[in-house]
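You will see chain A twice below: alongside chain B first, and alongside chain C after that.
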Partner chain A sequence: MVTVPDDMPPDTRFGAMLDNASRDNLNCFITLCSPKQHSREGRLRGAVFGIKDNLAVRGERMTCASRLLENYIAPYDATVVKRLKNSGALILGKTNMDEFACGSSGETSAFGPTRNPIFPGKVPGGSSSGSAASVAAGLVDAAIGSDTGGSVRCPAAFCGIEAFKPTYGRVSRHGLADMSMSLESPAPIVPAGSTALLAKIIDAISGYDEYDQTTYGAAGTECLRSLEDFSLSGARLSVPSNLVDLCSPGIRESFAFAVGKLRAAGAGIDELNLNSARTVLPAYYLTMYSEFASAMQRYDGLKFGYRGEGAGVGEVMKNSRSVLGAEVRRRILLGTYVTSVEGKSEWYEKAMNARAAIIEETAAVLSSCDLMILPTMPITPYPFGERLSDPLLMYATDVLTVLPNVCGLPAGCIPLGGGASLQLIGARNSDEKVVSAMKAFSGVLQNG
Partner chain B sequence: MPLVADDVKRLARLSMLAVEATEAESLSSEMNAILGFFSSVKDYPSSRRNAQSGHAPREDGGCVRDEAEADSIVAEFPAGESRNLNVPRVL
Partner chain C sequence: MDEEEVKIGLEVHIYPRTECKMFCRCSASFLESPPNTNICPICAGHPGAKPMPPNAQAVRAGIQLAAVFGMKAADKPVFTMRKHYFYPDLPSNYQRTSEPLAVGGAIGECGLREIHFEEDPGQYDLTKGTVDLNRSGVPLLELVTEPDMRSSREARALLSDLLLALEYLQLSRAEMPFKVDTNISIGGGNRVEVKNINSLSGVVKALDFEASRQTELCSAGKSVEQETRHFDAVNGSTLPLRYKETLEDYRYMPDPDIGPIRTDNVVYEQQENPFLILKRMTTEGISGPDARTIIADRHLLDAHSRIAAVCGPRFSSVFVAGDIRAELNYRKSDSSALDSMMGGLLEIAAGRSSSRLSNLNATMLLRTLFDGGSIHPAIDELSGGWYGRETINDVAARAISEHPDAVEKYRKGNMEVLNYFVGLCMKEMRGKAKSADIISALRGILDADARGSEKGK
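Coming up: the complex of A and B.
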């Protein structure tokens, strides 16, 4: 790969980076976008982005890493893409991902797995695998993924970079092929130590969008203006010890070392047990299955996407959906069951009540501290194939990342080295505080 | 009640997925294992509570309750029969 200087004119630089990406051997991209782009003036002028392939970029393929949408061309820009372009960003490519975001490793794409540029032979994490790998490899300046249960934070952790999931409803989901509409958000990924860039991106993409009414009342963020506001001296940080205890010894050691440095920098650390910790993963997955099964109903081959053969409508639909991968099919079946007449009171309604309890308890914790901190992932990156055949092993890796999604809270992550990563969770709408804290923490943890 | 292969086949029909008989057997085992792993939610009641996750609140008083209001929506249909909206045939 050729190093592309930052001081080249934006359009020239873009061409050079596109050329680099065409020789990518990490399988970060499903599609490389049109070279005919010009950078507008704006806060992100000349910044080169990868966009996860479940977000619409007008005129480009949008496959969701599935054969079912292999030749689907997006007819419009997702709101986040439009806002990036209006801010001067250039879109280099549509990044690889787990099929329909169903995964945490980057192994289930119908277009082959993405490789980890930092830990060869190990998974890059998912589902925004290509987004994270392309940032870590320097193929793009930044990327936008989607985070439903950790799908930007997990690959960011496994690739040694930073990511941030906004408060639910602060960034429009218009143009995102939804997986679970009450849990997810488009979310940015940047290189380690690039929190200022992260702040600019969030400021550019956030705020009310008339095309997504879940953003009703959402103010745009001011993360760049607040970037230096957070002070570790006197900060109160809560640590959910019973979640930390679920981590591998290596992760616990990294986390403890980081906590020691934060304490030395003046932060107060409160260890607590989150009573709802045992139900957060079930509440997440049961909610996600339900919403996913519903979201996937539109992919029937009738109006767009791959159309299978068949004598009637039913057969055409079934044969069209026959190209879906095993994990996607498994989640559709589970979602159909837990929302069925016989399943919903036993599973779905209880999951909703569990979710409400988790939200209450977490809000109470965050009302008495500045941030909650914990590891991002319970393990370091693992070899390809190690968890793919056992869904439960895969799901278990999400245990630390799903909490912010269940509660709609902002959450960021910064690398600690060796595949470990620190996660920061804030109260609802405290996005500016979380991003500022990421900068402050990085300063201590990487220089101390 | 644990799921059996026939349950999986029925769920597959509902969700427009093709599932072979042998696959239905293995899927039922997998799904039972997964649901077993998530069984801690069973400690919660299934009666309704306000599961507000802090999403965008409605300020317009909630869903359509007034029949007259529904009539005004139906009146806006570009083409319809009775209270049904006409859509183009796709097959």
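Coming up: the complex of A and C.
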């Protein structure tokens, strides 16, 4: 890979980076985009982006890393993509991912797994695997992924970089192929130490969108303006000990070391036990299965994407859907059962009730402190194939990242080294505070 | 057939008058567009496209209609649900359909269950195997009745009342107000659903056909199968669906992309209840059908109220629902054209109601007016220069003296002859005399002659 200097003229630099990306051996990209005339002004002028392949870029393929959408061309721009373009950003390519975002390791893509640039032989994390790996490898300046249960924070942790999931409703989902509508958000990924760039990106993509009625507030975030506002001295940080206990010894050690430095910098640390620790993973998965099965109904091979052979409509639909991967089909089947007359009261309704209780408890905790902190992933990156055959083993790795999605809260992560990562969770709508804390924490943790 | 045993319930799918589709900005008028041109990523179900908020015009129409029939608006937030089933005309393979906007109430004697909004699917042509999504996402209001009706006549009356309210309040699409699913059972037997009937007469035919089909089955000792049939408009019969419907689990769940809506902050212009207007008009002596015709059309109603103020309600109702509407129908023209003709219409109506204009001349003037011509100075000529009693007497006397054979017939009791004489006199005076005056003049002369000749005997 050739190092591309930051001070090249944007067009020349884009060409050089495209050249680098075309020789990428990490399988970060599903599609490389040709240079397009974007806005030449704006706060992200010339910044080169990777876009997860479940976000629509007009005129480009959007495969969701599935054979089913292998040849689908998006007819419109996702709102985040449109806003990036309007801010002067350049889009280099559509990044690899777990198929329809179903996975936590980057291994379920129909286009082959993404490799980890930092820990060779280990998974890069998922589902925004290509977004994180391309940022970590320096192939792009930043990337947009999507985060439904940790899908940017997990690969950012495994690739040693930073990522941020905004408050639900602060960034439009229009143009994001649905996985679980009530849980997810487009989410940016940046290199370690680039919190200022992260802040600029969030400011550029956030704010009300008439095409997503779950967005709110006329104005976007002001993360850049308040980037230096977080003071560790006197800050009150809550640590949910019973979630930290679920981590591997190595992760617990890194986390304890980081907490020690934060305390030394003047932060007050409160340890507590979350009752929600036991229910949050099942509540997340049941909600996600239900919404995912509904969202996936549209892929029947009749209107777009792969069309299977068959004598009648029913057979065509069935054969078209049979190209979906095992994990995608598993989640559709589970979601269909969970929302059926037979399974609804036993599973779906209980999950909804559990979710309400988790939201309540978490809000109470966050109302009496600045932030909640915990590790991002309970383990360090693991070898390919280690968990792929056992879905429960795979699902278990999401236990620390799903809480912000279940509650709609902002959450960021910064690397601690060695594949460990620190996660910061803020109260609803406190995106600025979380991002400024990421900046403050990075300073303390690196200088110590 | 014993009417007491028949139970009929209707599900009426109303096309509310909106500019846009239910969840996007595509036009709700889909009839004119070539296939698959009136679509966008939202109504075509493209990956990633999210619905826009439920169309406020459609929601308002539902709430307004519910109020007319005394339905109770939902007192909690109304969620939009996803109803899942695989069918080629449904882009996302789920249909968005709301929880009830209102419940209860009645149309006439028939109870109402609920009203909610939903999106229409596209159109699937089974024979060609093509799908047109132009209709996909067009708003519908579904009004569900209780099974309180006992005959097709009652069903027709209910739909006429519904149509009256829809038209008076201008809530439905003019070109296509609704389509109907009917449910009918006999003698407590199984319920048969006949789907997708798009005319009032079709509903009556389908119900009559089903009632006699089911009655025949019962009297032959066979049982009626619970099933869904479709209506064959050409033969006026019902047929089983080609595919048997299995018991489906629609997996209803709230759409996470659509926030709940409230019914208590829906604002609309308060208007008089059309059934109160109907009652008032019939009390004034206006016939029911004429009153309904007038209420159903704002321009006719406006014309009626202005003409009635001058000429009285009964005359006006006949003039508006009869003469004026006939001219509109003849020209297939929109009643909004009446607004610019109001002055002329009033003049003609006033002339006609005071008999200064003959029926013939009034019609002639109406035609001139509708053809865009001027009724001046013709109307003054036609309604001015009326002949007085003396001239009428002279003309009558002359006619009588010139036709002794007709007088002879009259004497023998043939009263038809009188009309013959009236015609002669009218022609002579070019319509500028009242026929009643001519008759009394004729009678005066003829009966005086008769008395004279009797005396002479």
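What we mean here is this: the second predicted complex is superposed on the first by the 440 of 448 C-alpha atoms of A that agree within 3 Å, B and C clash if a C-alpha of one lies under 4 Å from a C-alpha of the other, contacts with A are read in each partner's own complex, and residues count from 1 in each chain.
The rule we apply is simple: a residue touches a chain if its C-beta (ideal position, glycine included) is under 8 Å from a C-beta of that chain, and two chains touch if they have at least 3 such contacts.
Given the structure is predicted, the values throughout are model-derived calculations rather than measurements.
Asks: Do chain B and chain C fit side by side on chain A in the superposed arrangement, or is it a clash?
Replies: Taken together on chain A, chain C would clash with chain B, as the superposition shows.
Asks: Taking the superposition as given, does A:283 touch the first partner, chain B, the second, chain C, both, or neither?
Replies: In the superposed model, A:283 contacts chain B only, not chain C.
Asks: Counting only touches as set out at the top, which of chain B and chain C does A:336 meet: first, second, both, neither?
Replies: Both partners.
Asks: With both complexes superposed on chain A, which partner does A:23 reach: first (chain B), second (chain C), both or neither?
Replies: Neither partner.
Asks: Of chain B and chain C, which one touches more of chain A's residues?
Replies: More residues of chain A are touched by B.
Asks: Touch check for A:213: first (chain B), second (chain C), both, or neither?
Replies: both
Asks: Could you say whether A:72 touches chain B, chain C, both of them, or neither, answering first, second, both or neither?
Replies: It touches chain C, and chain B stays clear.
Asks: In the overlay, answer first, second, both or neither for which of chain B and chain C A:313 touches.
Replies: Touch partners of A:313: chain B and chain C.
Asks: In the overlay, answer first, second, both or neither for which of chain B and chain C A:182 touches.
Replies: both
Asks: Is A:407 in contact with chain B, with chain C, with both, or with neither (first, second, both, neither)?
Replies: After superposition on chain A, A:407 lies in contact with chain B alone.
Asks: When the two structures are overlaid on chain A, which partner does A:302 contact: first (chain B), second (chain C), both, or neither?
Replies: A:302 sits against chain B and chain C alike.
Asks: Looking at chain C, which part out of 40-48, 58-66 or 220-228 clashes with chain B after superposition?
Replies: It is 58-66.
Asks: Chain A residues touched by both chain B and chain C?
Replies: 182, 213-214, 293, 297, 300, 302-303, 313-314, 317, 336, 340.
Asks: Tell me, which parts of chain A touch chain C in their complex?
Replies: 54-56, 62, 64, 69, 72, 74-76, 78, 173-178, 180-182, 210-214, 290-291, 293-294, 297-298, 300, 302-304, 313-314, 317, 336, 339-342, 348
Asks: In their complex, what parts of chain A are in touch with chain B?
Replies: My answer: residues 168-169, 182, 213-218, 278-279, 281-283, 285-286, 293, 296-297, 300, 302-303, 313-314, 316-319, 321-322, 324, 329-330, 332-337, 340, 345-347, 349-357, 359, 391-392, 395, 406-408, 428.
Asks: Under the touch definition given earlier, write down the residues of chain B that touch chain A in their complex.
Replies: The touching residues are 3, 7-8, 11-12, 14-19, 27, 30-31, 33-35, 37-57, 90-91.
Asks: So in the complex, the part of chain C that touches chain A is made up of which residues?
Replies: 41-42, 44-53, 82, 84, 86, 88, 91-94, 131, 249, 251, 253, 256-259
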